[in-house]
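Both of the next two complexes hold chain A, though its partner changes from chain B to chain C.
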Partner chain A sequence: MKRILILLFSLFVLTGCSDYRELTDMAIASSIGLDIKDGNYNVIVHVLDAKKTGEKDVSPNIKIYESSGKTLHEALRKIVLESPQKLYVGHLNSFVISESFAKEGISKIFDFILRDSEVEKSFNLMVTKNNINEIMNINNSDSNVPLQDISKSIDLSTNIEGSTSSITFDRFIESVMKIGIDPVLPVILIKDEDDKKTISLDEQNAIFKDDKLVSYLNKDNTFIYNLLNNNLSSSVFSFKCDKNDYGSIEILDYSSNYYYDFDLNKIITEVDIVSGLSELNCNMNIENNKIMDEIEKKIKNELSENINNFFNEIKKSESDILGIEQYIYRNNYLFYEKNKNNISELLSNSEIDLNLNITIEQIGSLKKGNEKID
Partner chain B sequence: MFNKIINNLSKNPDFVVKKINIKGEYIILLFFETLCDTKNINDFLLKPLSEINNNNKSLLFDFKNLIEKYIPSFKVNEIKNYNDTIFNLYNGFVILFFRSNCYSLEFRKQLDSGIGSSENEKSIKGPKDSFTENYQTNIGLIRKRIKNNELVLKEIVIGKRSNTKVGILYVNDIANEKLIKKIVNKINKINIDSIPDSNYIYEYISNNKSLFPNVITTERPDYVSYKLLNGKICIVVENTPSVLLLPAFFIEFFHTMDDYYQNNINAFYMRIIRLFAFIITVMLPGIYIALITYNHEIIPPSLIVNFAMQKDGVPFPTVIEALVMNVTFEILRETDLRTPSKLGSALSIVGALVLGDAAVQAGLVSPIMVIVIAITSISELIFSTNEVGNSVKIWRLIFIAFAGFSGILGVFIAFILLVGELCSINSFDIPYMYPTSPFNLKDQENNIILSNNYKMKFRNKLTSFKNIKRGEL
Partner chain C sequence: MKKLIEKYNNKYIGILEYFTLVVFLSRSFFNGIGFQKILSISKQDTWIVIITSLVFGIFFMGMIYLFNKKNILESNNKVINFILLIFVIVSFMIILNDFVTFASLKYLFETSNYFIAFLILFPSLYIVNKGIETIGRTSLFMFFISILLFMINCIVLFKYIDFNNLKPMLVLSNNNFFSSLIHAIIYTISPILILNIIPKNNCKKINLCFIFGYIISTLSILIIFFYITTVYNYKYMDLFNYPAYFILKKAEYKLIANGGNVLSLFFIIDYFFTITIYLYLIKYISIKIFNYKNNIFYYAIIIICSFLSIILLSNIIIKNIILNNILIYLLGFFMCFYILILYKKKLKKIKK
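Then we have the complex of A and B:
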């Protein structure tokens, strides 16, 4: 009993509340913007403002701090010069990188983030073409925490729309470190409307080769990229149903898969889509099976054209965002060793074999095209 | 003997010595007017005696016969020695002296408030009666529920001055005799002047060093009879409505008699709620402190800013805040218990205003802390047994201390200590955490879940191993 008491006593006395930190002593960082100029790290941090404003408003605002230093950690620590609280990056939400820095290669931020145990590893990474100072200093009443909102909309867009591709830091590191797969990052920009600046999503997405930005992927291609990588949970795809008008389907369920045929130098892609007709602006009687088949055929043609465009685009850029090289590395190591040096050449000459299946299961209650007019 | 009694007792103003002259001979009545019903003495003792005066003097020669025949009293005993006389006097008997003979007749006054409904263990459905301060009534309340000759009552009188009756009840063919023998021995050895409450008995017979009680204290006869039929031993003490049941399992503090009077699924759901409330009431302030001051990464990002905003402007460390709030609440609760009910409402208004609003407005405590302490304190009230509530309070402080020193790690250490304590308790040679540990599959049916099979057919395996089927005699 005596021993236990001594043990408990020493637990209290010797540990001495290590790591004790009150919430009010912390500046909770929500997003960080980073640019490197002449080897100097310029950091702009959005800190969630936890000061009570007196009103009963509970949604937080942000405070913006700027600093620079020779290393990322130094720059972040120097925020104390302006802020009364120590920076806490355990709940970091987003990290913005300038285009110029991204082109140089962003591996310089890896070391601090991976080494420091306090830093959250699953924040959203994004690139901006604008000046980092400008985009980080946008703080208007529309959204209290602008970058947090943007990263939410990036996630949503990736899931249910498809024109951007979100990536978290840990997944980014994974695809940089792994052999034969390259990441895609979302791009944000400043939207200047009626003298009011807001942050919005760019239609392009940045393609990286390892940790360097090499080119951009447009909206349609990003959709295909998300489709092939099974990133979507549902999405909308519109097609031309006659000369002027469009219709759209909602993807309800789908599965896609791609692999490489070593003998024929072919990339075989299989996509199965179960969809529902969500909008049809042409006057068609879809009770007729022939017309339904026609619609399905149209969608199929349009989608396969898009997929082919996507592959052409990828072949042109030297980075391998689909991870075909990784597929080869994993499935046929001998083949990989043999063709290690000319693998990108091999892939750019490869053929695309596309198996696309589209079925429309739900057509809604409007059956005859002219019902709407009557 | 007569002189000795008079010498010893005539100091008491309520001691009555009444001499009745019947044809030259005296009958002397001795009683306490505070313990006896004087109206009944008038009607049923003095009146018949005075009628003898008129009728036949020869009856007096056979005095015992006379009393048994003409005096309407059930208990008539002939008394031989001094001690018996005193004992009878104090139990509300009238002592009759005639010539050299001495008899006692019962004219006991009803000294308790009658059977009311249970105040501490309320139920929505089912019997509402509860034990009283009257020993006979209490035994009667149990007996009328088990009309079987296997229900055995052993009576021991303890307390050198109080002479309190202690009744040990058990069902002979279900309960464990070894345990009964042990308990009877222990009670016999008690050496004390008076027993004010059953808790004295509990402390004499149990060797429990833990904060958690290893007997059940109850005032509900239906609960007692149910548990008696599950092989438990019941101890009824004179002058107190709280009756002891032993041995006790920890999980039984989460069961109520209401559970057996309703749908099993409702009972199961309520038991989960009660267990959850137990965990909340013990651990919540500790966990909150740990999260707020050490392990910020566990709080969801959207919540952490909220917490920080609530905490903004509060000058005290979170641990101090928690302790202050906790102590304030305990003070409020204690005063509410002790104040007359007429002052209670004024107190609750002050309490609610001071605790709920003014303290927050003044920036002394954060609103979240008020919420945490409120939830914690409300959760504590699920225990009808006071002892469990008290031990929960102490454990809550231990959790706060550990969390304040080493965060969530400390909470885990405190949790291990709590589990260690609970598992080390031995309730009269029976493991306290049964049927969870040691695990018994059959008895799981009345652990957290309650099954029909158990409710209708079987008894607890450990306490009623002699006779496990409910339907068999």
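Then we have the complex of A and C:
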């Protein structure tokens, strides 16, 4: 009898259904856009809405809600005034921040997102130069969940194209908190073609100093940034093979490393690239070894120039996105302690020593390259 | 057959079961306050502190072995037993509240704290009623599941390790080093000393089991700390109240999202057996002191303590004072008290 009573009691209290939430009662947020308006947080939220579009097909769509509040939490909670469901941010995919808010410093949003354990921390963070309302209200037939698709594009572009640098929220905060390294965020914009607006990735990337946006990195510099940070997997690099034409190599394998010479105040960079010739639009017979050497030399010169330009650019921006200061802090703590007040001055006066090796190991199905008609 | 019945008469615990309880109990203060406190003091050098604490801990265990070869902490002195009871009750209240906070923050966001406490107390009390031998066998079974989860956790998170996060090494000031070393030793050793009260089957090998259990537990803590300080930078991990759980949130698979929630069952097992053994000890010591035969008195103590634990420690100010200022002294006091009892016993033996 005692056992039956315990069993019955357990059935009622240990079923795990206490305070349950039905899926239909939740408004699952996929993206959030944030701006500051008159000192208030203005948020625009994309909420997933699963609707039957055909007989069998159930494709997600989005509903757009907007609200504002003195804190981020208040603004998000106010969405309930428009939505019949409570907002759930456990599956957040992307977070867009306006340029003006990013310039003020985005650490204000850290607290709520980190404090609330229900909020997902590994969503993609991005900046937009456009008006946040405008970009968040783009909802066209090409993409049901536009910002989710942009997140995928950012990841793909970082790996195989190299003109964007993706970063998740947790890694962004980690970079901000680390000593001697600053983060880079991808930028999205509105593309207006034939009266059809779409969200697209910008070729520029936002450079931060701590949590504040300070400048932008152009396409070539972002490629170098990703190259030096070993973020690329099979990117393409185009080079000028004669006065008017270009050729391309696909990076098959590479390793890059940079370190600081404490005695000579030099940043030493070592890059080894193994590549395959993917396109050659000049009339060159690559069966001739001298021409092959010449091509490798051209690629090396162009890439060296880009790497030097990149270093000059980051010296100007006063932001240490490569983390040279972090290298010093980690590898020579005494030196760091001695020079930590003038370390940025030290780095801006530093020289660049570049060791770049490029080898072309594959040439594809064509054995020559001089078949073009002039 | 008679021997078998005698062996499993629910009054004694085997050495393997005892070993598993040592491992569970030694980690009991770590998931909550231990990881936070030690990480905030010793930063990226935490792994060095834990290795040093292991060396000192083994030395301390060796000393205990010399003084107390049978590994028994039994006394008929009511004052000593009362002090032990108070220590166990306070530890139980802290761990119960820690579990409730952990569960409500990480899984059961909208469930009442009382209900969460009931969820763990109900099965724990059931096992306690079955006796120490059942506790031991359940503990042994769950220990294997715990090891499996631990290994999966390590494998899944391995790809996120960045050794550079451990640099610069050895930059900790002497004060901070000794402070975190003392914290590490006290948090790991003091909870397991109370296990000496438990009646055991094989007293000959029990001391070895005790030391070996401590080593395994400290090694697991070392591995967890290693992951905490290498997967992310320590500065970021220092923001969170359950850094070990936060690391597990990184464990995601292509098909299974939020795999960390399942893998964090590892911590729940630790909590469960810590609470179970404290419940058993409360029963064991209180019977010795008050000599009651009806369990109603025991249940009354548990209910009052559980309510107090949730009500008192729900107040953030009180909780901060207890966890940050009082707990370490309480555990330290218990270690000193334990050594004093052993010393007195040894003196008595010599006099005799």
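Points worth noting:
Throughout what follows, the second predicted complex is superposed on the first by the 346 of 374 C-alpha atoms of A that agree within 3 Å, B and C clash if a C-alpha of one lies under 4 Å from a C-alpha of the other, contacts with A are read in each partner's own complex, and residues count from 1 in each chain.
Following the convention adopted for this analysis, contacts are C-beta pairs under 8 Å (C-beta built on N, C-alpha and C of every residue); 3 or more make two chains touch, one makes a residue touch a chain.
Since we're looking at a predicted model, the values are computed, not measured.
By the touch criterion defined above, A:T71 lies against neither chain B nor chain C after alignment on the C-alpha atoms of chain A.
Applying the stated contact rule after C-alpha superposition, one finds that A:N331 touches chain C and leaves chain B untouched. In the superposition on chain A, contact is made by A:M26 with chain B only, not with chain C. By the document's definition of touching, of the two partners only chain B reaches A:L48; chain C does not. Contacts of A:S255 after superposition on the shared chain: neither chain B nor chain C is touched. Taken together, the two complexes place residues 18-19, 21, 118 of chain A in contact with chain B and also with chain C. Interface of chain C with chain A (complex): residues 105-106, 108-112, 115, 118-119, 122, 126, 164, 167-168, 171, 232-233, 235-236, 239-240, 249-250. Looking at the complex, you find that chain A touches chain B at residues 11-12, 15, 17-24, 26, 28, 48, 50-52, 58, 60, 88, 90-91, 93, 118, 120.
Chain B contributes residues 292-294, 296-297, 301, 304-309, 311-314, 317-318, 401, 404-407, 413 to its touches with chain A in the complex.
Chain A makes touch with chain C in their complex at residues 6, 10, 13-14, 18-19, 21, 114, 117-118, 121-122, 170, 173-174, 177-179, 329-331, 333, 336.
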